[in-house]
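Same chain, two partners: chain A is paired with chain B first, then with chain C.
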Partner chain A sequence: MSEVFEPRIVAFVCNWCTYLGADLAGTTRLEYPANVRIVRLPCSGRIDFNLLIKAFEIGADAVLVSGCHPGDCHYNTGNYHARRRWMLFRPLLEVLGFDMRRLHFAWISAAESRKFQQTVKQVVEETRQLGPYQYPAPPTDSYGAGREPHKNHFDAAAAQQRAREMLEAKEVDVVIGYGSSGPVFIRRPEDVDQITCEETGLNLAAYLGRKEVRAMGRAAILTKPMDAGALVVLERESQIESGAVKTIPIGEPGKGDFSDLDALLALPPAERMAWWAGEFARCTRCYACRQVCPMCYCERCIADKNRPVVIDTSPTPVGNFAWHVTRAFHLAGRCVGCGACNHACPVGIDLRLLNMAVHRAVAEQFDFNVGADPKAESPIGCWAPADHEEFIR
Partner chain B sequence: MARIGVFLCWCGENIARTVDVARVAELSAQIPGVRCALDYKYMCSDPGQSLLREKIVSERLDRVVVASCSPHMHLKTFRKAAERAGINPYLVEMANIREHCSWVHPDREQATLKAAELVRMSVEKVRHNEPLRPIKVPVTRRALVIGAGVAGIQAALDIADGGYEVVLVEREPSIGGKMAGLSETFPTLDCSQCILTPRMVEVGQHPRIKLYTFSEVEAVDGFIGNFTITIRNKARYVDIAKCTGCGECWNVCPLKKNPSEFDYGMGFRRAIYVPFPQAVPARPVIDNKVCAKLVRNGCGLCEKKCPTGAISFKDEDRLIEEKVGAIVVATGYKLYSIGKEQPSDKLHGYGEYGYGKYKDVIDSLQFERLLSASGPTSGEVRRPSDGAVPKNIVFVACVGSRDNAKGLSYCSKICCMYTAKHAMLYKHKVHDGQAHVFYMDIRSGGKGYDEFVRRAIEQDGARYYRSRVSKITQENGKLMVRGADTLSGLPVTVEADLVVLAAAMRPADGVQELARKLNVGYDEFGFLMESHPKLRPVETNTGGVFICGACHSPKDIPESVAQASAAASKVQLTFASEELTREPEIAGVNERMCAACFRCMGACPYHAIERAEIHARNGDLIKRTARVNPGLCMGCGTCVAVCPSKSMDIAGFTEQEIYSMVEALA
Partner chain C sequence: MSEIISSDNLRKLAAEWIEQGVRVAAPQHAGGRVLYLPLKNSADLLLDAFIHPANSAKEFLFPKSETLYAYRVEGQDVKLVEAPGTETPQVLLGVRPCDAAAFPILDHIFNWDCADELYNRRRRNTTIVVLACSAHDANCFCTSVGLGPASERGADVLLVPLTNDTFEVRSVTEKGRSLFAGKTQTDNVAAMAAAGPEPRFAPDAVRKFSAANFEHPIWGEHALACVGCGACAHTCPTCHCFDIVDEHGERVRNWDSCQFSLFTLHASGHNPRPDQGSRQRQRILHKFSIYPDKFGEILCTGCGNCTRNCPAGLGVLPLLIAIEHEEHLPA
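Showing the complex of A and B:
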């Protein structure tokens, strides 16, 4: 007789409902499999996606997330915020091909001891059928080719002319443009010819937050069609004042679509996961994707923290997976689709696919246009009673 | 290196039966940093706690893990015990090896291994715990009482007499609530108004009570000791400061036939009116739904007549802010609506009783007005249809209450008593009349209560039928009340002139909305939830918010008053010192790392996060940052989850502590 596989289940539960529901299961002696380990947190609102990733890293075969029913939250609305985040997090995991049958959500109240028992039983049984969770090993023949780096040409003369006018009229103190290698900071009208006719995919808004750039005074930046939305997000997040940054639009708007994403989603999940494992295996964690992103302006990135190590800092397979999940999810409701990360990636990982997955979830579920109105509330950090929850038990 | 002590509890047999406690101790002792791991039969007992304290001293422990029951059960116990031995209480953690292990996993091997892992998780957490100190917050020693019926009045007077200011908010134009409209009260038959109106006057004149009538609580912000209340003072069209209550205005008002709310539609009032003669404040209000001036810019006689110029048709609702430290909710009750129309599809009415169809089928509060000397009939029992004195009167108990089919399973508690009172008072007023009472059970627990019911039956001759009424119909000017007497087994039909239905008590309208503003729970019927049914009966789960009276459950006057005084004493306890102590497990910002994106602000359920600026000595802005108001934060941690750089963290549940627990499972 072959040995039965005993899955490891990590449950993140809130202190006030599910933890007490589990307590009541004990008091009423409702037996359930011993495979579950409960981590008590104040509220389901505290349960961060990084914790779930970490649980899988340390060997969990499934994770259960549970808190108070809508309307019952000890902190009024923590569970609504949690629900909103899971609504956006799940589409990201889906595009990564993560096996969603390993991630369970449930509302379990302090009185629902039986529901707690039944949920644990079901999760253990289902996971037993699935077998152990393993991050796919990177391919041994080749990590994949990646996409070609690209460069665009545009009419520099018009941009130079506009930059000269702005500087001469003292509308701005500095114009940030594309130079022969990287950005150029033009402060005198006679220097505008340093703006070249080749852009490298950078979103120049990424430089606005830098101290030395701020010190230059009022800025104008050259913006490709998708870039200017970043200014809206930066204003929404109090990083720049309204109208403080002028733009000099360049290039023709392309047409964005989700065809690449749909093609990827057409693959079976396991194949998607394996494909990404190959892609991520190329990642050297140079963090170019982070450095060029106008939205990655944290003083210290979570990836650089080591107390605790939320994301493995070395380019290990699981560390790379955690990093790319984190990067993409931190852009939820914030990515404007400029594609700077893609252009910057020296190993050609198609990072946009991840951004697009979250972006589409934001647009479809909340009808939210990231780069439109700086006063509009970001879809993360708010909630609605009608938020769907068919994925929650 | 930490010096951690692990203490394993047998809980008698409760844990030791399935968990090999000695083996868990052995395994725990091998964890780096654990200086000692020992087991004891009852850790929470006195000797158990002494053992803990002794070991802390002898092994020079600086952190403790107790593996026993749920932290909800004994975390405070062990934290206190450790504190007595000189350890900061927040350096104590528990591993729940009873509720989450021994009681649910019968397999000894599995349970033992799981217990060992739970201990390891707690050891890894406690290793990173930091000493915390309770937070002190100042208290605004001023109370808000919502609702000025008998419970609210009692609470307000108790608190005000205790020396603290009270803000009393009442929705109606006058205080007094339901009791002001009652006739005489059981079991002593003293006149309701005679007891209540002096208390009402006292409220009106009390130097420490600030009264807002015709007002409602619009918004509640803040937390125990520091609430900010927004009160909506509805447009009254009469300036009560200028008005002397002389009556010139309502005497000239031509719109006389408006059903009086105070008389439950049994009498009439004008468009400008004082709800009842003893109202506090004794100032009129204009009904803006009927007043000719307000509805179609006609009339305006009252304004012309008013000698003090107190009437203004331009009056508007005003929002007023008040700061208080504690809140008493005393919003009272309303009667179950008897007819077919119901406010929710969970409830069902009694169409078969003809309430609303037959004029002489009335509810118990309407009958109170018929009995009251201040009522529309000046206390004579005359039926609404033709003013005749009813010679046969039927009282039906349990209308709505104790009836699952109608959606209310609970006992309304006071109906047995007031129905006996009604039968008695009727007999006192109509000597040749006969009272018939249809009841399910007679519930008359209380001092002098059962004797009172016996008197109604034995002295005043009320006929009691243990019977549900199946139908009430009108035949030849008589109301035919049909039922079956379950004691005699015979069908009963009574030809009645008047029928009084003892409708169930339900929470007052709008109490759920108020409860949500206050973050107080309510049950399926809408009654507010106490914190503990026995030990904390007037507290709620929100600190600083107390409940009393019928908003909590059906209650009679003595009980409501007792609860009101209890709530008032809890308020005074809250005000006993100038500072309150709060749990320190709240959020804090690493201001050096905060990138000032303020995503946390949107996520905070308590609006506890504010924008702050850090300036250099010369005043230059160095940076912006989020900052947590420790008085408002409740420690849910939603902000931490949305903070991309984790510059936000919760004391007692830090990132480091949580990740250490998860990693302990590797």
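Showing the complex of A and C:
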């Protein structure tokens, strides 16, 4: 094969600035490489990250995302929202080891035909140097180390006592606790000894949205140190009323530990990507990670939508990559770090690392504590003029 | 007289097979647990100190995702491209008896109303070397469904641990005999199979109860803690439901699970199994009533993987025990 590699670039651009900039480049006879396929959307705020993933899936070697300069948005703030999302999306791609040289962001106005021409030229040339984009094959000599299942056990006596008090005082109608074979739903004070605090990997807040559980009335749940944050997020997102769910804390709070994440980030990106490919190769798409997550309360998950198919349902390298990116990014600024997904994964994929990367980006960039104040605005639902944009051309 | 092989020689044999281009799948450490995976290095082969891998061996005959055929639009026509399939010989080494017993069941499924060529081709090229169990855990219940720690069902060869590092080789089929021909020594010792778990329930009682109690509250009560994932079905040796999708120009068959709400969702939005209770009931009914009525055997080999892998710690066994209890209550 002596064919010359011609990179395929997909440019997602906004209707009001960059698309007009590209149009102007054409009418003013500014030549730029034909490698770019332009997809026009109403606003950079509408450029969903799934579109970027999809573009790479179906053969793009690089992707350019471009919208109006700050302050110029036709819809006032769409580009600010987009910028905020990219600020969190990039750290996620980084921990996955995605080659960030293939994803370009720019602000190009309707008058900047020359900037459009120059940007496309640069992106094409840089991509030509990188060669075609390929999903990495899993490492051939070893299997992913994953993470060992670990079981927490807590002292059940105090929790039983508190549950009995709450039920006797009719403060709540049901206490959701950990039993000897799965969660138990205690409705009578005399049944509290069914709470054994064994098998405590789940976050019991995941049951609060269930129709059958709602029908039981006011609920109290046993919460491990990181679990109660989920109630804060559910309240912030109007899923539960303030103070409607009581908690019975078990266990002492520990300290957040990012050492595993740092060890992974110390690897070169290509090795990181290959490592994840090995992990994702074991995924069968049983969706246990999603089903146990208190934050995954959507009635119909995007992964289950088939008209059109947003995320491949096949447990292939491409489909699994898209699914796990989506799961992690939909939890940006929402994951409370309870670790239920890790506990649930039957093949031991260390999913927590993806959530931690985004979690740390949220904490560092926006000084935001996910599980603290239900009235605080979600970092992914707002923006600030000072948001950094050194990664945008 | 019996045939024996040392674990060292077994590893050497596995290495030879790999060298010859045979695809060897075996239990090994990965993902912080034991999993059946293609063996790359015979030193990784696990022959003891595990109860049951977290996955099942079915994926080497019925992969989690498989292309049935590809399609291309050419002008006004659609051109179909057959999936190449594979004739690569395969040895499943160190498979537990409860996994092997599932293969005859899968054979029925994939040859019932039409013969599944992709499955059959793989099946023809596969030899199953079973490793008898020397221990069991609280989730095991093979003896309740008519199997045991040294069951030969579905096996071509059965390896029974003799000492710490030798195994008695019992050839069950001609295929198995030829695989180990000339590779074993003869000895006059015979291995004793370990004791299995105490039987926990009677399948017949479950069958009678589930067929007669479609609307019983036990289904909903047990399913209250079920989160509705597919961990049980995907790690079950006998669960075989699949979904067919078109992706990237290929028609692909993927594992599905009756525990997903999407499994029975109609295009109209109506869902005949609207809650987790009805989905759990379906799983039990299928395994202990519907399938036996059709094929005369239970769709469960007692491996316990559904309980082991359930994020909520549920699984089939506690429900079956509860059902038997209900069945024996005075009316």
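As a convention for this text, the second predicted complex is superposed on the first by the 383 of 393 C-alpha atoms of A that agree within 3 Å, B and C clash if a C-alpha of one lies under 4 Å from a C-alpha of the other, contacts with A are read in each partner's own complex, and residues count from 1 in each chain.
The rule is simple: a residue touches a chain if its C-beta (ideal position, glycine included) is under 8 Å from a C-beta of that chain, and two chains touch if they have at least 3 such contacts.
Remember, predicted model here, so these are calculated numbers, not experimental data.
By the touch criterion stated above, A:His330 is placed in contact with chain B alone, chain C being left untouched. When the two structures are aligned on the shared chain, A:Pro374 is found in touch with neither chain B nor chain C. By the document's definition of touching, of the two partners only chain C reaches A:Ala344; chain B does not. Once chain A of one complex is fitted onto chain A of the other, the partner contacts of A:Ile58 extend to both chain B and chain C.
When the two structures are aligned on the shared chain, A:Ala288 is found in touch with chain C, with no touch to chain B. Judged by the touch definition given at the top, the superposed model places A:Val309 against both chain B and chain C. In the superposition on chain A, A:Pro189 makes contact with neither chain B nor chain C.
Once the two complexes are overlaid on the shared chain, A:Thr27 sits against chain B while remaining clear of chain C. On chain A, the surface touched by chain B in one complex and the surface touched by chain C in the other have residues 58, 309 in common. The touching residues of chain A, counted against chain B in their complex, run 8, 10, 19-20, 22-27, 29-34, 37-43, 45-48, 51, 54-55, 58-60, 73-78, 81-82, 85, 117, 237-239, 297-302, 305, 307-310, 330, 377-378, 380-382. Those residues of chain C that touch chain A in the complex are listed here as 28-33, 35, 37, 40-41, 54-55, 64-65, 220, 224-225, 227-231, 233-235, 243, 245, 247-248, 252, 254-255, 257, 260, 262, 275, 309-314, 318. Interface residues of chain B, counted against chain A in their complex, comprise 70-72, 96, 98-101, 103-107, 110-111, 113-114, 117-118, 121, 519, 541, 585, 592-603, 605-606, 611, 624, 634-638, 640-642, 644-647, 650, 653, 655-656, 658-663, 665-666.
Of all residues in chain A, only 57-58, 140-149, 181-185, 199, 201-202, 206-207, 211-213, 279, 282, 284-288, 290-292, 304, 306, 309, 312-316, 318-319, 340, 343-344, 346-349 touch chain C in the complex they form.
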